[in-house]
Amino acid sequence: MLQQPLLEIKELKTHFNTERGRVTAVDGISFHLEEGEILGVVGESGCGKSVTSQSILRLFDEKYTVKYDGEILLNGLDLLKLPMSKMQKLRGNDVSMIFQDPLSSLNPVYTIGYQIAESVMLHQKLSKKAAYERAVEMLRLTGIPAPEKRVNDYPHQLSGGMRQRVMIAMALACKPKLLIADEPTTALDVTIQAQILDLIIGLNKEFGMSVIFITHDLGVVAEVCTRVVVMYLGQVVEEADVEELFARPYHPYTKGLMKSIPQMDGDRSQNLHVIEGTMPSLHDMPKGCRFASRCPYADEQCKEQAPKLETLQSMHKVRCWHYEKIVEMEELTYADASR
Amino acid sequence: MKAFILKRVLALLPILFIVSIVVFLVIHLTPGDPATVMLGDTATEEQVKALREQLGLNNPIHEQYVHWISGVFQGDFGYSYFMKQPVMDTIISHLGPTVSLAILAEIMAILIGIPLGIIAATRRGSATDQSLMGVALLGISVPSFLLGLFLVLVFAVQLRWLPVGGYEPLSEGLLLHLKYLIMPAIALGSMQIALTARMTRSSLLEVLNTNFIKAARSKGVKERHVIYRHALRNAFLPILTVLGQTFGVLITGAAVVETIFNIPGIGQLIINSVGRRDYSVIQGVVLFVTFTYVFINLVIDLLYGVIDPRVRLDQK
Amino acid sequence: MEALEKREELIVIKSNLKKQQRQLFIRRFFANKLAVVGLAIIIFLILLSILGPLVISHDPYGMKVDDRLGAPSSIHLLGTDEFGRDLLSRIIYGAQVSMGVGFAVAAIASIVGMAVGLYASYYRVLDNVLMRICDGIMAFPAILLAIALMAALGASTNNVILSLSIVYIPYIARVVRSAALVVREETYIEAMKAQGASSWRIIWLHIAPNTLSPLIVQATFIFANAIIVEAALSFLGAGVPAPDPSWGNILYDGKKVIFTAWWMVVYPGICIVLSVLGFNLFGDGLRDLLDPHTNQAKK
């Protein structure tokens, strides 16, 4: 019997009620996450990756704005069916999250020590003193110098990189099984970015903590992740192990994303590739393949019929009518060019 | 923190200077000779001449200003020839009722307005929210003197539950004090309740949309604590501003309400002084009330620093 | 030639875009039911104050001793006051006074406040002086300053307009200044300066239009406030002098006879609430549409 995955998402749909009617920002997403794995979720902004991650913790207002469909199984327990009180006990304790913008994600009127200690006091019923000691320990773990002093600082007194370390310390304070990192390095400059990535990889190795790493940057994915899910307009378009995906990207969208990674050692005279066109609006969803309007290979079939997510050998999944044909065509042109 | 306070106080000086100039000029804007105006129609020519001499009206205008403002700094707000006493004494003897009234109305704004705003914000879009905000909008649209008149019509004229007007000081007993003040306080406070509720709602909604609230939720903080511990403290700055402005509105709104309910406060004093053209009292009251108002806003400003570390710590 | 065509094409696209924006704006405004109700109330009051006097049959100044304090009846729909004057006609003429004062104050405060705000934003030296003066005037509670000014100037409708305009100019100036400061930093303003455009041209033709949205919102609220303060001043006997009717004036008379003639208080009161409510609803709707900051908060 196969071991049960830590997290399994089945046909998740997240609908929003907006002024202009109902939109489905996440439309039938399925993927799973093994224990100790770092899974990358990749896509342009607006593809629904952040909505997916926040849906896992059910952070949207369910009374008026959001409705979920499908299942989110954490160790076999469906989170979407839990009462809110149970959900609150689970947040920060079993599953934690770090956000894109570390400044706006920290409450400006409380010290960072309080904000780290808060979840410890909540979930592990530690005394205030013990919780603050844990906060100092977490700050040290995330590489903040002089943590005994820093613990009493307010967020605005720290630099961007430090703030993100604080966010990570806050998220890890209760030693969760799963960390969801939503573009944790986007707002930071390159050197700090590398430090934060190293920190996350280190924590993953040291504590066996599973990570869902959300980003728009395939370069970062190659560095950090073991497996990748590529999303476009609320759907998974491709999923594969990281080596497999970089060796054999099937979906034209994934190919486009790869070409847009700047190559340090490549031919500098070549222009950076840009995927033409813009994502269609959620209010105005195409009925065929969602990428058809921007796809160089799209034909009538693509515009009329929506492709299914197909599983190939070696667990590689792709949502495209023509992936085989495209590979052949590319091999031909490559052969032509090198002749 | 000391530097922060000093900076705020210094920033007030130009404002107070402008205020004093405006108040000073008001009396010089009056058509005719201030001395004649002050003494009334019955004054003899000698009296007028003597007063002109005493007030230094024959001096150049900037010297008059300096003379006047240095008096103000020593607590000398001028002399009322109508009341036959210094303006300051007149103000102090009328202060009690107005302060009572303003405090009562401010308490209502805080105790009713803020909770209603929180309720509306946390149930955004619901029927409760919509009806609360509807009532609040009505509250903003009914001026205090009108509400006062309507209240008199219902509770004093029709139902005869409460006195039409008048005032009993607190020393005569709390219940009696409140019996006379409750209608004026509601008339005066309703708009402030509505304003406070609206501000609390919009400010809280804005904060509830921020990432750090999402982050607080994501670490499992209970919804109640998310609102009261994380959101409200951040939402409080704009609410405080409104409460500060409210106090100024209350003191002047009192002018109208006191006239309706015949309460011997600052408001009635200034209206009566306008009626009898007692300019030195008008000048004194306007200056006194505005200084108080500016001072209250300074206190609010300093409270910002207590609540928000960014304000406090960036002033180093 | 080609460049010219391209330019014309661009102009067409631009004007189409503006048209679309305008249509979207109108559609969104009419989607906000409360704002539409507000607009309807305002239009009703304007029509009442303009057309009303043509329809009514009673003279608002005509005293009749026999008809003193008459209850509403078929002849005097809203009753009569203590001089036997017809209350309905006084309220209709009062609408003219109250709406007129509101309009005049909003207009004068807007024009002067706009000039102050624009020049303050454009010239640094002027900025300090003008803004300190604005701060000083705004430091006064509004009604208090109005009372003081009225005491100095003497009670008359024109003086009400003058005092209230002085009180509200800084509020407009502040809003215009902060909107103008944003535009001032735009590159095209720098470019125009470099090309030698006169400052008058830059200020009035290029910066000013960008400050209109916040100005209009602010002016709507000032309109509402001016109606309230005028009524309050008149009610206190320091505003529009008798025998001219204004809603506040009628209330002043009504207060004296509140035990016997409720209609003297209720009807003008309803008019004041209605007009203020109308402007507040309309202003709230406009602000939601024009002010991106509150828009964000709403999402």
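Labels A, B and C are assigned to the chains in the order they are written; within every chain, residues are numbered from 1.
Please note the rule applied: contacts are C-beta pairs under 8 Å (C-beta built on N, C-alpha and C of every residue); 3 or more make two chains touch, one makes a residue touch a chain.
Please read all numbers here as calculations on a predicted model, not as lab measurements.
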item	value
Shared chain contacts [chain A and chain B, defined touch]	none
Taking each chain's C-alpha mean as its centre, the one farthest from chain C	A
Chain pair with the most C-beta contacts	B-C
Geometric centre distance via CA averages, chain C-chain A, whole Å	51
Centroid distance [mean C-alpha coordinates] between chain C and chain B, Å	23
Contacting residues of chain C [partner chain B, same complex]	132-133, 135-137, 139-145, 147-154, 224, 228, 231-232, 235-238, 251, 254-255, 258-259, 262, 265-266, 269, 272-273, 276-277, 280-281, 284, 294, 297-299
Complex interface listing, chain B residues touching chain C	14-19, 21-23, 26-27, 29-31, 137-138, 140-143, 145-146, 149-150, 152-153, 157, 202, 205-206, 209, 248-249, 251-253, 255-256, 259-260, 270-271, 273-275, 277, 279, 282-283, 286, 289-290, 293-294
In the complex with chain A, residue positions of chain B that touch it	124-126, 210-212, 214-223, 230, 233-234, 307-310, 313-314
Chain B-facing residues of chain A, complex	54, 57, 59, 64, 84, 88-93, 96-97, 99-101, 104-110, 118-119, 122-123, 154, 156-157, 167, 170-171
